[in-house]
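Letters A, B, C and D mark the chains in the order given here, with residues in each chain numbered from 1 onward.
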Amino acid sequence: MLRGVIPPVVTPLTDERALDEASLVRVVEDQIAAGAGGVFVGGSTGEIALLDDETRVRAAEVAVEAAARRVPVLAGVIDTGTARVVRHAQRAQAAGVDAVVATPPFYVAPHADEISRHYRLLAEAVSIPVVAYDIPSATHVPLPASVLGELARDGVIAGFKDSSGDIAGFRRALDAVAGTDVAVFTGSELFADLALELGAAGIVPGLGNVDPAGYVAIERAVAAGDIATARREQERLIRLFRITEVGDRARLGYTAAALGAFKAALWLRGVIATPATSAPLRALDAAEIDEIRGVLVAGGVAITR
Amino acid sequence: MLRGVIPPVVTPLTDERALDEASLVRVVEDQIAAGAGGVFVGGSTGEIALLDDETRVRAAEVAVEAAARRVPVLAGVIDTGTARVVRHAQRAQAAGVDAVVATPPFYVAPHADEISRHYRLLAEAVSIPVVAYDIPSATHVPLPASVLGELARDGVIAGFKDSSGDIAGFRRALDAVAGTDVAVFTGSELFADLALELGAAGIVPGLGNVDPAGYVAIERAVAAGDIATARREQERLIRLFRITEVGDRARLGYTAAALGAFKAALWLRGVIATPATSAPLRALDAAEIDEIRGVLVAGGVAITR
Amino acid sequence: MLRGVIPPVVTPLTDERALDEASLVRVVEDQIAAGAGGVFVGGSTGEIALLDDETRVRAAEVAVEAAARRVPVLAGVIDTGTARVVRHAQRAQAAGVDAVVATPPFYVAPHADEISRHYRLLAEAVSIPVVAYDIPSATHVPLPASVLGELARDGVIAGFKDSSGDIAGFRRALDAVAGTDVAVFTGSELFADLALELGAAGIVPGLGNVDPAGYVAIERAVAAGDIATARREQERLIRLFRITEVGDRARLGYTAAALGAFKAALWLRGVIATPATSAPLRALDAAEIDEIRGVLVAGGVAITR
Amino acid sequence: MLRGVIPPVVTPLTDERALDEASLVRVVEDQIAAGAGGVFVGGSTGEIALLDDETRVRAAEVAVEAAARRVPVLAGVIDTGTARVVRHAQRAQAAGVDAVVATPPFYVAPHADEISRHYRLLAEAVSIPVVAYDIPSATHVPLPASVLGELARDGVIAGFKDSSGDIAGFRRALDAVAGTDVAVFTGSELFADLALELGAAGIVPGLGNVDPAGYVAIERAVAAGDIATARREQERLIRLFRITEVGDRARLGYTAAALGAFKAALWLRGVIATPATSAPLRALDAAEIDEIRGVLVAGGVAITR
């Protein structure tokens, strides 16, 4: 079920920072039209950490309705502790999503066995598949390969998203789940081609919001054994990823710069109504959005604004 | 209002991991009897990161009722983003607490100005004082002294809790708020004496759960200019802090070992009914609890179990 | 000139911790016989950080004599500051090596422009090529891609060895030197295949001491477009790399465990006379060496002891 | 023997980056005149990491001659591995210094027992006292308190310099050496007063180059029980330390900014002939030196240029 390009979609907001449901519907359509294998709402790129519970749930509902079972909908259930994550997961299941995506506990400092227990308790609490999500740049709690292997063999998880940026670790993950049904995904925008060549079930790139067709092209090229095409598309997308470096870091945090760039690009493409992001993130300014426009055009992305 | 010894109290749980209200009442009484200047529920030591919203709110309500206005009650409103923290703060205010304690946003990577904006939005959303809380070991987002100074001068915050462990930074914080009413606290168990000598308004030591009278003795000795007594008590408490090193780290994460030790000690003292901690933390075993008993006895703490 | 498999060879020692010249000659022969494109003495795996200056120079001389111009000899000139590195480089040049390999300054905290200046001064001080070496796990000073690009365009460096473990950064490095003659190498044991597929001039794997033929097979397979063979060999070598995890980390640091494993394997293969490492590293014990023997045999490495 | 204020003195250089012996003599005189208890050449502030071996040795010789046995001279023997450190130490001993100061091995990743062995081998190789030096910001290898205690009890080391910035760790160090003759020093510029109140044998502040009399005043005030004076001086010196923040970090690394500021201040005071620092560090510009002049004047430091 979990396969292909499944971008962590942004959560479009109105200028008043309410969920912009119409824009989210367009985002989902944009993905499906491009050939995505699923949509993932409430990931890090979905600014999940900045959304209140109601918005989290409503975004899941809207995505489920928009997807209309054409592709599976995954929902992030990102929070610091097991009880909190379980609640989010139960709400997401009630909203109709097909799977939930959870990091290890963070803020606290868990032992590997406590991370394992976290996933076991989560899997017991819902009846939909659980995807484990390793993103140490955000959580500062790496998910050990040994835990991954054990969870895979015991049928606790259905998937694994590796956003560590470590391709040797990605190989270890593939090896750890070998012989099980666990689908392994990379969250990398920058080596999607390599991950697929190594045997990834799919990819979950934030930049896939901006150019879903590009990542789908990589997936198809690798599937067809056409590595040259995959490489060429990947290199184009690496250049496109420079939109995340446009925002002035003397004024913006990394999240504001990267997430702001994705939303600016979706706005420039006409998919979402405004590039607004959640408090307390600051917005890109007009000159920065202009520069992003230039990078998109140079990268072959069609702009409507 | 915010002064003195204000320990981050544990959240007692039943063996079924429900809030043990009777034990929490005893914890609050234990603090007030020892001379605490306030109680802080829902801090890191209150395992806030592992509690669901209902338990967070109920713990605040119970503490408010137990304190019965004899001392102020502070509540932690720890979460990843502004909207989430505002919700917690509004619920805590409704529960009757006297102040809320908030870290910078985490999981995301905010700019200093975004951290500042986070506190400004929070302060606008509630009518009780806001205390800023710097605990980079948990959040991985340090709160810059420049932001602290600006928030203090603009009247956004009423207090600052420094759990960075960096006493030079603590001095910078005192300097940054000089001339304002902001009360500066250290979260350190290990240099409470020095922080008070330097001008801290008070101290917020997790070990204050175990030996509140010890920290009150330090506070009073420093106030009286009796540094020798303060030093002696502090050194005793440093030895007592070794209870956090008893748990076997081959089996337990740091949080499980440290928080487990505080709860074990409160159980051995007869204050709480069981040392249970939240999932997914693993428990100390009988031998470890025995070893903690030994450290407590050697440190002059009265044991009833 | 700089191409192919160029392992960072170990520095064989006698049991008295003097340079074992005969063993070093055999190591060089072993590499050349396997098809290595060069040998790199005095790298991190050459325990350069633990060797005195005389041993550093003598090892270079022995390697130069042993290689006898059949393949180029590179020498690490690893030290904390420019003046120190220049001295090492001049001595290495006098010893006859073909290129020197230098990290950024470390222990100090240099700016990117100071790193650039470091390499420019080094290149002016010798008449042989300079290879820049990025190994942040050892130096804690990453070499920025912007510096790399500038040094490449200005003809300051002839090569770049990336031991960051970050394949997205490796791609950035390839892009940064595009259009220049700079040869880019990965230091990774674990994704040599991918680095070569992406366009690496060669690979510098520490595990290449243990199984040079394996890495040469990867290089040749990639050159022939036979990715399946490259992948299979790489996966075998990933399993072989587990020899670095045999040493008991409760007793040994990472360097002792990894370097000790490489030397133990070379000893088991009969290439070096003893697996001794420099003070203050502790040795693997007999049981650990037995376990390494098992991993080697399972990995298809021919053992003579 | 090792007691009091022992600043890590700068290594004055000529504009051609040769050792400026006359200036170094004046630096030593300046320290002794101010009441220093010793001088420490070749520390981190002595830019040891950037000096070649000959300059290291010659600086030690000059300092020994200048001190003329009025105070002890300590020499840093900072290098990555045991054999290298032993060589430096033997040369320093031959140069006549009274003690050597050594960090754990770095660049490599040693186990605690390997760090211990490093110091034991060093102590066996020289007949002068060894001081252990913990500066994890530079080495990224912390020196564990357990190792310190063991080395102290076994008579391996005569002193310990703690530049970790962690005052709780400093207390642990004092406790670890309790009952031995080991002298414990802090390298902190910012809590010299507190360290002395806690029982430090002395202090080794880089800023002591700029205002040795200030740190001597703190030492004497604490010895006399006059904490108010110690506090006042310390607070003045904290403000003075802002000279290290003047250099533009968009252009200079931290070392260039901090070390450059110390040398600029010594030049402004007329003690050294030029503020030159070693390659590859960039120099402060005229405006920055002017700003440093302002901070010095405001801090009560007498300027002659």
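One rule holds in what follows: a contact is a pair of C-beta atoms (placed from the backbone, for glycine too) under 8 Å apart; a residue touches a chain by one contact, two chains touch by 3 or more.
Molecules present, by chain and UniProt name: A, B, C, D = Dihydrodipicolinate synthase family protein.
The model shown is predicted, which means the values in this text are computed figures rather than measured ones.
> Which chain has its C-alpha centre farthest away from the C-alpha centre of chain B?
In terms of C-alpha centroids, the chain at the greatest distance from chain B is C.
> Give, as an integer number of Å, the spacing between the C-alpha centres of chain D and chain A.
Using C-alpha averages as centres, the distance is 49 Å.
> With chain centres taken as the means of their Cα atoms, state the distance from chain C to chain D in Å.
35
> By the touch rule stated above, which residues of chain A touch at least two different other chains?
Not one residue in chain A touches at least two other chains.
> Let me make sure I understand the interfaces: which chain pairs count as touching?
Applying the touch rule to all chain pairs gives A-B, A-C, B-D, C-D.
> Would you tell me which residues of chain D are touching chain B in their complex?
165-168, 171, 175, 188, 190-191, 194, 197-198, 227, 231, 238
> Please output the residues of chain C touching chain D within their complex, sorted ascending.
Contact set of chain C toward chain D: 17, 44, 47, 49-53, 55, 78-84, 87, 105-111, 113-115, 117-118, 121, 138-140, 249, 251-256, 278-282.
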